[in-house]
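Take a look at the structures listed below.
Each of the next two complexes has chain A plus one more chain, namely chain B in the first and chain C in the second.
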Partner chain A sequence: MMTTTSSSGTAASVTIDTGEILTPNSSAKRRNIFAGIGEPVALIGALVVLIAIFSALNPRFATLTNLQNVLNQASLPIIIGVGATLVILIGSIDLSVEGVMAASGVAFVLMSANSRGGQDMGIAAFIVPVVLGTVLGALNGLIYTLLKVPSFIVTLGMWFIGFGIATILYGTDAYPELTDDNLTNWAAKINLGLPNVFWLAAALVVVSALVIRFTRFGRAALAIGNNEDIARANGMPVRKHKVTIFIIAGALSGVAGILATMQMGGTSNHIGEGYLFLTLPAVVIGGTSLAGGKGGVLRTFLGVILLTVLNNGLVLAGVSPNYQSALSGAILVVAIVAAAWSQRGRLRIAK
Partner chain B sequence: MSLGTKAKRFGAVAALATAAALALSGCTSTAGGTTAAQPLKKEDLVFVCSVINTTNPYFAANIEGCQTLGKKLGIPVEVVDSNGSSQTEISKIQAILAKGKKAVVFVNTVASSDAPTIVNAVKAAGGFVTIWWNKPDNLDPAKVGNNFVAFQKHSGIDSGKCTTEALSKAIGEKGGIIALPGVQDSTTSATRVAGLKEALATQFPNVKLLDVRPSNWDPQLAYKNSKDLIAKYGDQIKGVWTADDGMQIGAMQAFKEAGLLNKVKFVSDGLYPPTVDAMKAHEGNDAIVGETFHRGYMASAIGLYTAYLAAIGKIDPSKLPHEKRDSMFKISCVTPGNLDEYLKWDNNVAGWVDTLIEKGPWDTEPVPLVAGGPEVIKPEYK
Partner chain C sequence: MTKETAQATAPTLRLTDIRKSFGPVHALKSISLEINRGEVIGLIGENGAGKSTLLKILTGIYQPDAGKIEVNGKSVKFRGPRDSSAAGIGVVHQEQSLFTNLSVAENIAISSGTGHRTGTRFGFYNWGQLNRSAAETLNIIGSKLNPKTRVGDLSFVDRQMVEIARAIRVDAGKDGSPLVILDEPTSLLERGETEVLEREIRKLKAFGSVIFVSHRLDEIIRNCDRILVMRNGELVADRVTSTVTEDELFKLMVGHASHASKKSRTSIDSSATPVLEVSRLSLKGKYSDISIAAHAGRITAIVGTSGSGREELSRAIFGAEKFDSGSIALNGSKVRGWRIPKAVSKGVGYVPSERKVEGMVGGYSAAENIVLTHPGKAAVGPIVLPWKRNKIAQEWFTTLDVRPNDIALELDRFSGGNQQKVVMAKWLNDPNLRVLVLDHPLRGLDPGAAETVNEQIKKACDKGAAVILLADTLEEALEMGDEILVMRDGAVTGHYDMNVDNPSTLDLLERMV
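Then we have the complex of A and B:
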């Protein structure tokens, strides 16, 4: 079409072009109203279907106890997922999660009252590990932006640095356990019907959702992920925003390391294991684009809940562990295809 | 005794006879590799101590055993931290072999499939190796030659029976229990589960195995699985069986959060320091009712010492009976009642290593050699 009009003459092409631009534009506008909602609605639909099936298979599935259980298990991936989503929104990736968790977890237990003895440092036991996460996150961001190393590589390296710090801190003494039961019980303790750790995770999700939606920083993150060059051309401090986001992600991994340690009542440098590959799929399942610029933390919240319900439901339904892995993979693929159906024409990555 | 074992015995006797005949005809250097002919000198040796990671209490104890033996014998020790990776394990061992000293190697293999590569590398470098816990069934030390001195382990089936008996008795021989095995394809875990199932089938018909959820030796996965199983079965669960103490930590945490720790009994394998602490403190109304006793430092010291004896020519592996090349060492059942009897060993590792040097690798209490491998799981308990 374009070639025909442009070859037919300048004057004519102007009018025809306008028409061509206007028509799809108005329909795109109409679609846009639903574009943001379609996917989450489909995801919620998939979740509802799963819940219905699992409830039918085992009446204990849909009980308050199990809801508390699922939300307790989902909380740490949600907290890590908030950071991961921000990073992915700017088109980067943070693989350092497990290493940062290990470093902060070990630092936390050794600074708290624990079975190895040593001094209880009180509030500093919480602050130092988070600062440690922040520093590792800042290093991620600075190396990535200043030295222009892909975030994939920088954060992969930081994973091992974090793990190394944890190993050095841990030393060769016995497994350190927290001796204060108040710390150990805090995460799972029920308040207003739900576990403490879930309230914390939910608060983080709400705050970050508001930040992304209503602040200049949040919009800048989306703009950077969408098209970094345009964002920069518009005078946005791209580097500053990117570093800030990596700092937030690092700090949240630090918080997760502390919480995981509290949950286990002690820690080793393996405390973060498994969290990265639970969280990243959850972010993507939620619908945040790996190419950046599209998505959000509420979607990640849904993604984590979907994955947690799936694993919990399969155990409660009594599916043999031999089949659980394959079956949960198959259900996931179906759920994602269903959830992303409305978006399939505009998926930015189909590699 | 099965036909297979008989056949193996016969094979071993035949091999011995052949070796003796060859020795008589002066062909030892080809039949027995380098050992019998030219024992290595102590000052040329280095001990290599390869573990899966350095923070798990069991592996940390492996290192302690290697170092204590190294100190006693005056031989330097190189520790290999595999960081859970077969690749790391193999490349680090190869790097040490390349340094030139003759290596006497103890390996707690990351995966069974690592064993052939490691054995071949050590053999090519003229070193001596003992593998602990994991190897493929068809990799027979006797067939590889003197450089693969021995494969050693504790019986998983005995461990499973031991803990299951303690658990069943503690819950009055009736009611539901759940089991959390380790990584699903791990032989160690599979044999322990087989012991569990055999004990239930033959001795405790009224104890019901409600659910089996592999938890990958991971305390956090054990925690999650326990939470899900509590949601599923509630107070039907009277007992919890885990394949190691790491997972027991996670499981106990989940039951504690559910307010059930005082009502449920736990058993596991390993008697790790946190478990000892919990038992001593009578945590959860004596929640832990059964454990097994075998020690990381004992395993590594026995393994290294066996390889060392071969290296300096004190033993000729080709002349050893089958059970001393493919060995199972004793495992003891620990209850809150006899716990103290076993803790005395941990307070005197150096003293235990002295006894080992005095009595040899196969006759040292509390872990003497009890049987030959490989350990076979009956199909009905798989």
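Then we have the complex of A and C:
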């Protein structure tokens, strides 16, 4: 199989009719046809099918109110997903999301007007949690690149460090609720037909898509994900880019912690729970390769929407919460297998 | 050491007394050389002679301990690859160094500085300019590639064009001429593709100079104006090509004359059952109706271009790929459910062309690799006895002259030639080896290592194995083969018994294309 990489030039004429064994040549041809569009088209197709099914099951599904509701729910995973996508593009992983969210969420609530009393610090209540996320992200990146620990391990540790910070800050007092209604209502408030928080998420997706497409930094991320050694040999500041990307991911987790707190109207140290295991599958279903170098935030956007619609639809279809978790897990596995299906031929070719 | 070339203009590159040590190892001991505009220099030497260290210094990856580098008459210091590339030195690496997920244009531009001409300014891409600039560069080397194509979708030889384009990129070498280093560019190319590359080298001469590194001495002699020979970190010869022969070069590189013995041809005992009998094997779209009878002690060389189906066929014999119809028989009995584990247990060995990917476990020590498939006396049931393993490995290291002589070292850290020796040892360690399938066994090996590997192939024959050989070159096939099978478009178009026939390379070529 491997040897044929060197042969596509002359072999083309004999490889058109391949049986069931997929050769690199023919998969290269398939890639040419579907390059870049195959997976998004499949995703949108799956989304349409889901929407059709759920609409048939419950008339309340296909309403503007429910659309606003879905987008409101999808926004945080999208924001986290942007950071996660960047990290996965360079071939790393960030598991610290939930811990960072917890730390920033608790910091935010304690610095805002809340039911425990204390002081409302105004704008600082927003800045400090984001800075906290940035610092944790920077630590992730620095430990990962300087001490050469796998990002999987570093960020797993940082998850619990963040959670620990949240627990300490939270202390033993009663559950702190935000007392300012402007804060608690902001995220879901409708502007131009869609919730505020969704506009924020969408803007972030657009900006980061442009950064990946049009800046040296974005292209370098793809290059690093494809082959770090070559990137280094080409004089790219690999370490700097990696740390920067972990900082961005940390800051976005910090923002997500604030927004989650605003949505909940208060927070505990468990505010981040469940987000990581919605976001990472969404990134993968979107078609960003865990091996790095391939994918993008628009794909992640679609992935998150797909999973959110799925969860929302199951609720509206009246599926018992007891079955929901197992069912959405099963659908997730199927979806990931389907997303990886087009790549199975490629797995046989070495990089 | 270098011959003074009296020329008014400064040489493209001048090195004076370059030294580099790694700990106690003197990788380069006082290298001085000059390369003039329009010259194609051949650089040869065995693995470990210091070639790669020298190249890494020229490309800014290593900094020399002492010595002076001058490019176009100006003294330079390379702190990193960007400096070297800005000075107009570009490399085409042995192992391709392109980003397969990015476009041709991006790959060409990626290591360039920021600026309007390259299409990147203030960290932003101007895709239009980037693509135009790439097209311009590709045009110089006469390539019609579309700059927007994803590199992963290109053939190997096209990727090499991209590498060359990157090496001579328009913004590089604004003053003076570019120097392109081709680091074993042909080691992975098929014959026709090599010709494309050689044409490219002639084009490069028109506006720059070339350092051509290769293990194939015939290629060096065909393409270069001057040849530099390195041995043990020193430049031992600097010759004008017309004054040397291949044999002389071999002697200069290795330090002794080639003692490769001509293989004595083994004739078939027609009454004996062939060790391996392939009957009417077919795989749709790849090959059809192929029959081979391989006898003990004989080498069957299969020649053909890259679309001929010979690679797929050889993999089918090892059970690495399926086939649609036909059968494979070992010692007269048909095999069923032919898969790699079965093939291995029946004494079939396979040396793949992609050594690093399929042939070895790079993170394991050399000793572990040797006993990987056939532990022999090293294992009692499932338990491997380290002391016995080490003893076996050490014997192989001595027999094959593997360097460095350290069986505990991870295989990744050996040079290609020495890795290949270990891969060979892994199969030769099977006392019941019956069939050895070799896919480009000499690929990327220096002449010394190639000689050792060839000797081992002959030894395997002597011990009664039947060898299937996919040779790098027709010459190699003619030299090694007892029997030659020519394939074209999945069918056998020629069959020679070397005891009776005496085909020339031209005869083979006619049936290949």
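In this text, the second predicted complex is superposed on the first by the 294 of 351 C-alpha atoms of A that agree within 3 Å, B and C clash if a C-alpha of one lies under 4 Å from a C-alpha of the other, contacts with A are read in each partner's own complex, and residues count from 1 in each chain.
Following the convention adopted for this analysis, a contact is a pair of C-beta atoms (placed from the backbone, for glycine too) under 8 Å apart; a residue touches a chain by one contact, two chains touch by 3 or more.
Just so we're clear, the structure is a prediction, and the values are computed from it rather than from any experiment.
Judged by the touch definition given at the top, the superposed model places A:326 against neither chain B nor chain C. Using the contact criterion defined above for the overlaid structures, shared-chain residue A:235 touches chain C, although it does not reach chain B.
Contacts of A:318 after superposition on the shared chain: chain B is touched, whereas chain C is not. When the shared chain is aligned, no partner comes close enough to touch A:127: not chain B, not chain C. Look at A:222: by the touch rule set out above, it reaches chain C but stays clear of chain B.
Once the two complexes are overlaid on the shared chain, A:337 sits clear of chain B and of chain C alike. Residues 61, 80-82, 85, 97-102, 106, 110-111, 114, 120, 123-125, 127, 150, 152-158, 188-190, 192-193, 283-286, 305-307, 309, 311, 315, 320-322, 324, 352-354, 357-358, 439-440, 489-490 of chain C are the ones that touch chain A when the two sit in their complex. Against chain C, the residues of chain A that register as touching in their complex are 1-19, 21, 28, 31-32, 35, 213-217, 219, 222-223, 225-227, 230-231, 233-236, 293-294, 350-351. In the complex of the two chains, the chain B residues touching chain A come out as 53-57, 60, 63, 184, 211-214, 218-221, 223-225, 227-232, 234, 249-250, 253, 256-257, 272-274, 277.
Chain A meets chain B in the complex at residues 58, 60-61, 63, 65-66, 69, 72-73, 115, 167, 170, 172, 174-175, 177, 184-185, 188, 260, 263-266, 268-271, 273-274, 311-312, 315-316, 318, 321-322.
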